[in-house]
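Think of it as A, B, C and D in the order they're written, each chain with its own count starting at 1.
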Amino acid sequence: MPERPLPTEKEVRALIRDRRNWGRWGKDDQIGALNLITPARRAAAARLVRTGRSVSLSRPFPKEPGPNNALPAQHYMRTLPRGTGGFAADYYGIFYHGIASTHLDALCHTWDDEAMWNGRDPKKEITFDGATFGSVEHWAEGIITRGVLLDVPRHRGVPSVTLERPVHGWELEDIVRARGITLEPGDAVCVYSGREAWQAANGDRPYGRPFGPGPMERPGLHVSCLEFLRDHDVSVLVWDMLDHLPVGYDVPWAVHAALFAYGVALVDNALLEPLSRAAAEEQRDDFMLVVAPLVVVGGTGSPANPLAVF
Amino acid sequence: MPERPLPTEKEVRALIRDRRNWGRWGKDDQIGALNLITPARRAAAARLVRTGRSVSLSRPFPKEPGPNNALPAQHYMRTLPRGTGGFAADYYGIFYHGIASTHLDALCHTWDDEAMWNGRDPKKEITFDGATFGSVEHWAEGIITRGVLLDVPRHRGVPSVTLERPVHGWELEDIVRARGITLEPGDAVCVYSGREAWQAANGDRPYGRPFGPGPMERPGLHVSCLEFLRDHDVSVLVWDMLDHLPVGYDVPWAVHAALFAYGVALVDNALLEPLSRAAAEEQRDDFMLVVAPLVVVGGTGSPANPLAVF
Amino acid sequence: MPERPLPTEKEVRALIRDRRNWGRWGKDDQIGALNLITPARRAAAARLVRTGRSVSLSRPFPKEPGPNNALPAQHYMRTLPRGTGGFAADYYGIFYHGIASTHLDALCHTWDDEAMWNGRDPKKEITFDGATFGSVEHWAEGIITRGVLLDVPRHRGVPSVTLERPVHGWELEDIVRARGITLEPGDAVCVYSGREAWQAANGDRPYGRPFGPGPMERPGLHVSCLEFLRDHDVSVLVWDMLDHLPVGYDVPWAVHAALFAYGVALVDNALLEPLSRAAAEEQRDDFMLVVAPLVVVGGTGSPANPLAVF
Amino acid sequence: MPERPLPTEKEVRALIRDRRNWGRWGKDDQIGALNLITPARRAAAARLVRTGRSVSLSRPFPKEPGPNNALPAQHYMRTLPRGTGGFAADYYGIFYHGIASTHLDALCHTWDDEAMWNGRDPKKEITFDGATFGSVEHWAEGIITRGVLLDVPRHRGVPSVTLERPVHGWELEDIVRARGITLEPGDAVCVYSGREAWQAANGDRPYGRPFGPGPMERPGLHVSCLEFLRDHDVSVLVWDMLDHLPVGYDVPWAVHAALFAYGVALVDNALLEPLSRAAAEEQRDDFMLVVAPLVVVGGTGSPANPLAVF
């Protein structure tokens, strides 16, 4: 599989600026590409369920400190008596963005120097009380759509994507073609890059450093994947590895630009190895995907347990 | 609709002790009545989806302090620059049990003077690091099953259940019969009691006081509903009002005994008014229910956004 | 003791605007009236210690929910093994402003329509990462100064201040005179209003509602006390009851204006009943006061345990 | 300065077991060695204040993630309007034990295989609601005593203590003798080991790993310092480096055994470089030390800003 030419800076900018979906569903739209998931598409997704096998795409709630978990989630317990019995209750606390927690990004999560989704100004929309535009409660009815697995390690015949060789848009096209998949508008694409295998091969080396200083470097999806997402009217990107870093272009965001430019939902840090195994066993590439975010008014996303049902 | 005789203390104890499901799925089982949701039942649930209408059964993440929210959830914002752009991220913190948050109870959540689910000892299983038996990660693959709405206000022709007239097991039987519903093992039952209407009629009076001292009093489901749950092999109870209090019997838990006695999952404080409306409009009583808990190892449950899909 | 005429709206505005200390210690000063506590004043405060009796002026960390505690502080425990032994550790979380927690207000905590302390713009200085001006770390070396008790209930011969009869500036002058106290620049004034007695007499009625909607009403210090603070160059106000509400004038803050106008530190919700008793027993009105805030860069204050040493 | 023979295992055990202070102040005592700080000792401490120079011994509230800060403290901001003005308020959250935060350890914090302070059983006293014995609220009136600086780098003529050469009890004796210091019962000893210089010389290498797995290694005070603390009836140990690890003996705790064996308060992770400088400039080794813990009922300690006043 020969490498192909990288897009130019101008082409990358055009992907983000010229092909954006602002206004496509109205200038005040806060749903974005999830508009493509019509009730009919939900019903079609449900019809994909055959054996009823369900696979969780969530990593465990990241409580353990470590190089991949700079801000560990909190889990604190209480027990209380109730008459002659009792109960246990617990507190969950999480700053869920970053690289440790499986979570959904809402449309308000990222922006470039121009604007947030649909041209809004983050200085106005991001407040101490939460986001006032593009926040996660607008997706309260959940994401129920067709999920399609694109298994990069299987396609490459390697255990995982590496820093040296990011996933490109053309490679995703190759996978779709090779697997005979027909993508439809509103589909969720699950790009498996082999993060567990990468970590196993890299010991204590963290996958990324989301909050610290210094240059960031991590294997993942090249900015060229934006074109793939846009061409196929993908509504949701579920991925285990995130944007390849450094971006390599003078833009603040690589694939994360899909949020503010296209209105595409991102499910970061999904656990896709079990999905890869299940899909192989089921001999299928598609399934019903369900993501049910917490209904946090003003929230920039939500920790989530995405389910793939075959 | 005449009232019927209340069960005796002995009958209530028998419901909790004699009919319990301990050992039914093995003495080390941590799945409980969710074992009844086989892959085939999941597939059957998916086949219930026709129009693709999705309804969120979640109240908003309870951030606002108030008499119904003694321990408000936390939502704190950050913004950070990223090159010429930026991003917003936020912290969610919640002590989710109680009456404010829509959440799933795991099997380890309650116990009586005898034991937790499957006869385990809470003194051993509930630790500072989390529960070591019956915790929520054992339900990581989610709950996907047939949901059935039992709409008590519609049945009664009133806006809501009241403190004076709790929901009884025989009334749920009446509703099932009147609606011509056939319950099957593994079904999720959504008992709508009209909590919003009750609150609207009761102003500042809190629905309940889960953490404070003093006698507790609230409208809801009578302990006699346990029999209904057990007779029909219900796997999940989704409810907006919870156990009627005071219990009226010398047992620590009323319907919440379904957790440790039967292994039934509870989805507390669901928002069922929109479901009631949707079901009326769709002219259906059943739908696909999806609950996807956060995968918290050792967790006693999870805040959740349950979805009903018609 | 006859009541005296209330200040006019114009007089109140003049107190806040015309007598403010902006620029008094330089236009970039972030220390405020604590500049008056010179090393020599600290040494003089230490010389006030005779018997060595120490009194905590802190309420307990407010963990319990209730009408006076809309956002309860968090206290969660862990235990962990260490070899053949072990240890216990805990998490403290608190949104400490409001009426429940004894805490210090930093200069950045309040502002009116004009500006923060020293004329700064809150829109620029208050960021998602903390305050960039007038924040609490500028008081890292602590407050060590002469404390003077002004005991209003003792002066009035009643158990507590009431809503009907707020504490006025002229009343504080009366107390100073009656007790033969000579105030000096840099002194901390501890105004005891009998909050415990008020609460005991008012049952479940909350002392105040800092975060909820609706009109606010509470007994405490009238805006006229500002004049007293300014005339005597007080550096710190320690109080158990806070500003009398409603303010009664068209200004956003009553005595809390001392923060942004005069640079005076406030210690809100102090526990002064034990101090009142100790002072009576020691037959003294003054003592060494020590307040040692947590060194939170960008913090708007700090929970604190102020100590009075006789 | 020749090294001296290490104590034997038996001697170390004898230090912890045979010389412990259990029962010394009554079998139910929860104050420990702070009993030695009588009112008279507090008054004497205040008399040490001459110039009134105050030095904070607190590191900044540890918000930044990093190798020395596995569980970063939380600082979240809010702003809210108030009439025509407004205010800023913030949330502080911290799991303060470990190596990042300057904090006080209460007597309940550590135990060995035998017991907690005064022979209590941690299984009974450490609960989900807090500790029921030896917790920090028993020190609510604060620690006000004579502080004495023991400056190890100055004594050694090096920038810092190193892993290869821990601080021994006999070295502390040498320093006391060399400086002509007379220790008195109830004194607080501030042992400066040069942690900042050590960190500057060791780049990204963390000072310690309190919560992670694997062997722990860090420079600091050898278990032999216990003898020094006990011989001089020290009430408080303030230190920047903590126990030298690995301990080198088959005991769970080295100097941290002073908590449960002697009832000595520990102020971990103090910032002592500024104190070292101030003491040199003031040409003094002693000063008034004030530590004012938050009054957390059941708390195992408290974040603190200890003050040294010359």
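In this section, contacts are C-beta pairs under 8 Å (C-beta built on N, C-alpha and C of every residue); 3 or more make two chains touch, one makes a residue touch a chain.
Since we're looking at a predicted model, the values are computed, not measured.
Asks: Give a one-word verdict, same or different, on whether chain C and chain D use largely identical residue numbers at their interface, taking over half shared as same.
Replies: same
Asks: Taking each chain's centre as its mean C-alpha position, how far apart are chain C and chain D in Å?
Replies: 30
Asks: Roughly how many whole angstrom separate the Cα centroids of chain A and chain D?
Replies: 45
Asks: Pull out every residue in chain C that's touching 2 or more other chains.
Replies: Residue numbers touching two or more other chains: 74, 77-79, 91, 93, 128-129.
Asks: Taking the touch definition from the header, please name the shape of the chain graph: line, ring, star, complete or other.
Replies: complete
Asks: Residues of chain D touching chain C in their complex?
Replies: Touch residues, chain D against chain C: 38-44, 46-47, 49-56, 58-61, 63, 74-75, 77-79, 82-98, 102, 108-113, 122, 126-131, 137, 140-142, 144, 250-253, 288, 290-307, 309.
Asks: Considering the complex alone, what residue numbers of chain A touch chain D?
Replies: Residues in contact with chain D: 65-66, 70-72, 77-79, 93, 128-129, 211-212.
Asks: So in the complex, the part of chain A that touches chain C is made up of which residues?
Replies: Checking each residue of chain A against chain C gives 74, 76-78, 91, 128.
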